[in-house]
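Below, chain A partners chain B and then partners chain C, in two separate complexes.
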Partner chain A sequence: MTGRLSPRFTTPLLALLVLGLFLLPWIAGRYPVYLAMQILILAVFSLGFNLLFGYTGLLSFGQAGFFAVGAYGSAKILLAVPNLILGIAGGVAAAGVAAFLLGILSVRHTRIYFSMLTLAFGMMIYSLAWKWRDFTGGDDGLVGVPRAPIDIPGLLSISVAAQDRYYYVVLVLSLLAIAAMYRLVRSPLGLTLQAIRDSEIRTEFAGVPVRKYRLVAFTIAGVYAGLAGALLAPLENTVTPPIAHWTMSAEPVLATLIGGIHTFGGPIVGAFLFFVIKDIIVRYTEYWLIWFGVIVVALVMGFPSGIMSIFAQRPK
Partner chain B sequence: MTETIAFQGLIGLSLAMYLWLISAGLTIIFGVLRILNFAHGSLFMVGAYLAYTFYGQMGLPFGVAILLSLLGTGLLGFVMERGFLSRIYKVDEAYQLLLTFGFILILDDAVKIIWGGVFKIPPIPAFLEGAWPMFGKSFPVYNVFVIAVGLAVAVVLWAVFEKTWWGRIVRATASDREMANAIGVNVPRVFSGVFVLGAMLAALGGAIGIPVRVVAPGIGTAMIIQAFIITVIGGLGNLKGAFLSSLIVGVLSAYGTLFFPVFELFFIFAIMAVVLLVRPQGLFAR
Partner chain C sequence: MSKNFTALGSIVVFTVFLFPGGPAQAQAQCKLGVPSIKVGVQGVASGPLADYGRQIEMGATLATEEINAAGGVLGCRVEMRFMDDENRAATGVKNTRLLVTDWGANFTVGTDSSGVAMALGPVLAELKRIQFFTHAATQRLTEELVAAKGIKEIVRVSAPIYQDAIVAALLFKDRKDIKRWATIGADYEYGYVAWNLFKETLRKYRPDVEFVGEAWAPFLTLDFSPHIAAVMAQKPDAIFATPWGGEAVQLLRQALIQGVFDNVQVWWQAMGGSVDVLEGIAAEVAKDRFKGKLWATARYIHNWPDTPENKAFVERFRKRWARFPNYSAETTYSAFFIMKAAVEKAQSLDTVRVLGALKGMQIRNPAGVRVFRSEDQQFIYNVPAGRPVIDPKYPIPVLGDLKVFEAKDYYRNPPFTPVAITK
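Coming up: the complex of A and B.
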């Protein structure tokens, strides 16, 4: 994860961090637990984004669309059937299908044209969320989304309505998603994606169906965005159109950029820094975005590989 | 009914002119610098706020206020290009996009800090007040003014790029910057000049809109999305295409709000996506 540090040092550190996360509701109050959930959700969202950007070289401005599909999907299901498993799985599946279908079209382009195309698709989803009143509730959104119990009929039913309990749902699913992504980027699939990023032509000549691999990356990124959205809906109890807007697509972009795009842990660290920095700034001023603007400009001008690149080996 | 259609077409035409002014700047910057300036809508917004300050708050004549707004926004564009963008031309284009995105965050909040979050509409200058009867309705004189400004800019831009020495140098730089550099063109200076011109065009669009459109912090991000749609439909970097697609989108959205107001936004983005997929070089490429 952090190239130069040896696993002998990082493994206990990570174990300690995970242990701390599991103990968090006992050692911290309501607000830090809430903040931790927001961080985990953004970390999942950003990891998916960075699979596309950092690993595959595709800058998407439409990820908020899939985030919204996941959030609206899980909200609609939870409002109809109060079962958290169905809600979250349904939201993730909806986002995955949407990402697959729009991905078939999106991966026909790369570079700026890809960014523009994903922007257009994301904004189409946004306008549906906003205008398709019967299904999405229009600008009122969907309200009263329950934190329904984890329910397997005849087997078990666990209530997660309390914030501390829901925290464990978010924590476990996020850690699973992070672990899966960690395996993925080291698998032949992940290495192929990086090869495509570094040289599309060379990879193509090696017999790799480049477009198909890009589609896989796009779909997985959509699934991660969908999972993040599906976890957010029961947390906030409401879903509103702004979560689909392109400015929302900027959050994973900011987190990933702050943390660093060429390291696996970059988006996770970035998600943490994003909320911590924001939390500190809003104590002094309501204008926190300007400071993120300054950070983005400074990072792009100074070291475009992100803060985590201090620890990592320089990309060749 | 036909009268309503004709009248709505005129409304669409004046709407198209704001779109044209902002897309023209976006297009020439992309055409020459190969940078998609995400912050172009923010320049539109800054132009509107500066014009509001000089005209609405300080009470200067409307024309003078617009001129000062152009100068101020041009200066801002100069700082953006010389101070920041010019230093990362060699980096991957994704970082250039991200840098201009950082500018959006800074400018949008800076505007709120300086002018507050409340929206503002200064009065229409006296000599542009009133309306002319057209198609059985009354068409505001101000809209005629906006259409005239937009068309005038189109003619001037065409003349500059096609007929002048500077225009030829810019076109040469756009088609091959290394060759232009080799034959003695000062490429960095051309880049600065083009970026400043683009910023001023955006500011002009923002400035002439102040008495009839809202001056508010969100107008930049709203406009940049529309400008993206237009430049994509017209073809990235294609100035004539930007003009024609401004007309199409302006008139279509005027009819859109008339006939199918609910899904107007959806259809416009769908058109953008279809053009990107079927004809990424734009509808008007030769």
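Coming up: the complex of A and C.
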């Protein structure tokens, strides 16, 4: 990690944090555990978004569409076949396929044109969720999505119906997703994406098929959004159309901006702050949007490169 | 770096000091052995439907103040916390988890949206907490989640969609001059079910009636002119309209511009008796631009019943908030007194015992007598339909020429048969 803090300091700190997360159900009440799941899900969602935005230079306003595909895919499978592995894998695969197909059309453009295309595709998915009542349940959504057991026929069957047990599913998958992304952004693929972000023309002249790399980044971001959505469906037991709305796409954008787009941990820290700040404010006023806005403006103005800019420099 | 930390510290300090909190004062004489009875309340408090959540909050606040001023519930002070569910199921679920598992709510009350209500059902079962629903109208909440699936933590105080649809069929079944009906419907389950229930009921009385047109307006529609033009092209005698809140006001104004009231005999605006709609069409009602053809109902109207209880409630509400109570205000206010009566009878806050105390309950509220039906845990009460008129006693239009139907005649009864929930 390129940063001002040395690994001698950060490694034990991260180990302690992970240990704390594993011990959370023993040391905290039900609501903090629920909140931790929400934060982890937004962190995974935001990490995928930042692969596009921070590492590839593409600002997508349509990630909620893939989040919803993951959530609806997972919910439909879990309502038909009560097997959590199938549900989550199916949701992720559906989001990946949707991202790949829409990515072929989206990555033909960059800058505002790319953003508008992704916004349009995201809202198309929102309309589908709203209108395709036979499949999605329309405005009432899909209700009663079970936290089905982790089931490998003939081998094991672990019940995760209790919230504390499901927390470990979310925690383990989120940590794996974070670790995979950490490796990815430091791999040749990740470095090539950063090269495309910094100079598309120079990278193209170096013989890199820029559009294909962008499509790969777009698909991976879709897979991460899908994983986040697939984890949300059993947590909430319900999936409804607003999760596909563009306002949902704004959440990873805000979380990433608050945390910092040029640091790996920025979206994760941003997701934490996003939820915690909102959670504090809504306890005291129903006019939370005003106060939340004031605090986000203060954070963005006070830390234009995100909160994580305190600790780290922009990766080379 | 130190400068950055200082800035971060300032924001944290600002947040903490801006939103201070403190433990509730214990009430020494509380017979339930708790510092207070906590009631979590939620509704839509942001966006274009925010007035409905605001009315829920006003009703809850007034009820809390009155109950506490009269000595609380079994000597226990009632503490209320209101939260905005943003009309989003995910936020509603998160709020409920926060209110119950973090704040320690003994009961929850409110919820405007049917979608949010349906999402809350399984969560309430998991948390084993009763919610008194005070606006969400989908019949599935009580018919499916309570009667069929057995989620007993759901109790509905407000009138469901039967009010919107079946009352209209009973009201117009004898109008022989109306043979062709069309709908301008809300393009989601509420609109579809209301129209289907209306058609199903009216066909029983009037096999000769035709349903000639349908136009569906999505949530947050601003321009209804294509919908109006589409159904008017079918030359209907009457319109059945289900957009609500500000959308209903917009729809009615555009219908006036397009001359609809010169060409139809009746316009049924399902929730048009809501205070925000009546306020919105006040100028048009004053000029009689609807020509007496506009009919509406609500889940409570403040000028009915003509009882001392209702008059006193409206007076207190106006004194406290300088507004008339909407139906979501009355239903929420009444939910608090239903909760109070049930806890006093159960002598406990335990969910099972309070549910037991609700059985057979008949309670006099501002809206009249509500009767608890155990099979679907729905409170049953009458609300009339009428025409918006100017009454010198009120600064805003009220529903007049009231037609009252007995709730037993228009509430669906268990065992429930499925209703089509598609267009």
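Remarks
Here, the second predicted complex is superposed on the first by the 300 of 316 C-alpha atoms of A that agree within 3 Å, B and C clash if a C-alpha of one lies under 4 Å from a C-alpha of the other, contacts with A are read in each partner's own complex, and residues count from 1 in each chain.
We take it that a contact is a pair of C-beta atoms (placed from the backbone, for glycine too) under 8 Å apart; a residue touches a chain by one contact, two chains touch by 3 or more.
Since the model is a prediction, treat every value here as computed from it, not as a measurement.
By the touch criterion defined above, A:A250 reaches chain B but does not reach chain C. In the superposition on chain A, A:I150 contacts neither chain B nor chain C. Look at A:R283: by the touch rule set out above, it reaches chain C but stays clear of chain B.
In the superposition on chain A, A:W130 makes contact with both chain B and chain C.
Look at A:V97: by the touch rule set out above, it reaches neither chain B nor chain C.
Once chain A of one complex is fitted onto chain A of the other, the partner contacts of A:Y113 are limited to chain B, with no touch recorded for chain C.
In the superposition on chain A, contact is made by A:Y34 with chain C only, not with chain B.
When the shared chain is aligned, chain C comes close enough to touch A:D139, but chain B does not. In the superposition on chain A, no contact is made by A:V185 with either chain B or chain C. Of the residues of chain A, those at positions 130, 289, 295 touch chain B in one of the two structures and chain C in the other.
Residues 53, 59, 105, 108-109, 111-113, 115-117, 119-121, 123-124, 126-128, 130-131, 246-247, 250, 253, 257, 287, 289-290, 292-297, 300-301, 304 of chain A are the ones that touch chain B when the two sit in their complex.
Chain C makes touch with chain A in their complex at residues 1, 4-5, 7-8, 11, 14-15, 18-19, 21, 45-46, 53, 57, 81-84, 87-90, 93-95, 97-98, 101-103, 114-115, 118-119, 121-123, 126, 138, 140, 149, 188-190, 218-219, 421-422.
Residue ranges of chain B in contact with chain A, taken from their complex: 36, 84, 87-88, 91, 93-95, 97-99, 101-110, 112-113, 221, 225, 228-229, 232, 236, 262-263, 265-266, 269-270, 272-273, 276-277, 280.
On the chain A side of its complex with chain C, the touching residues are 4, 29-32, 34, 38, 130, 133-134, 138-141, 143-144, 163, 232, 236-238, 240, 242-243, 277, 279-286, 288-289, 291, 295, 298-299, 302-303, 307, 309-310.
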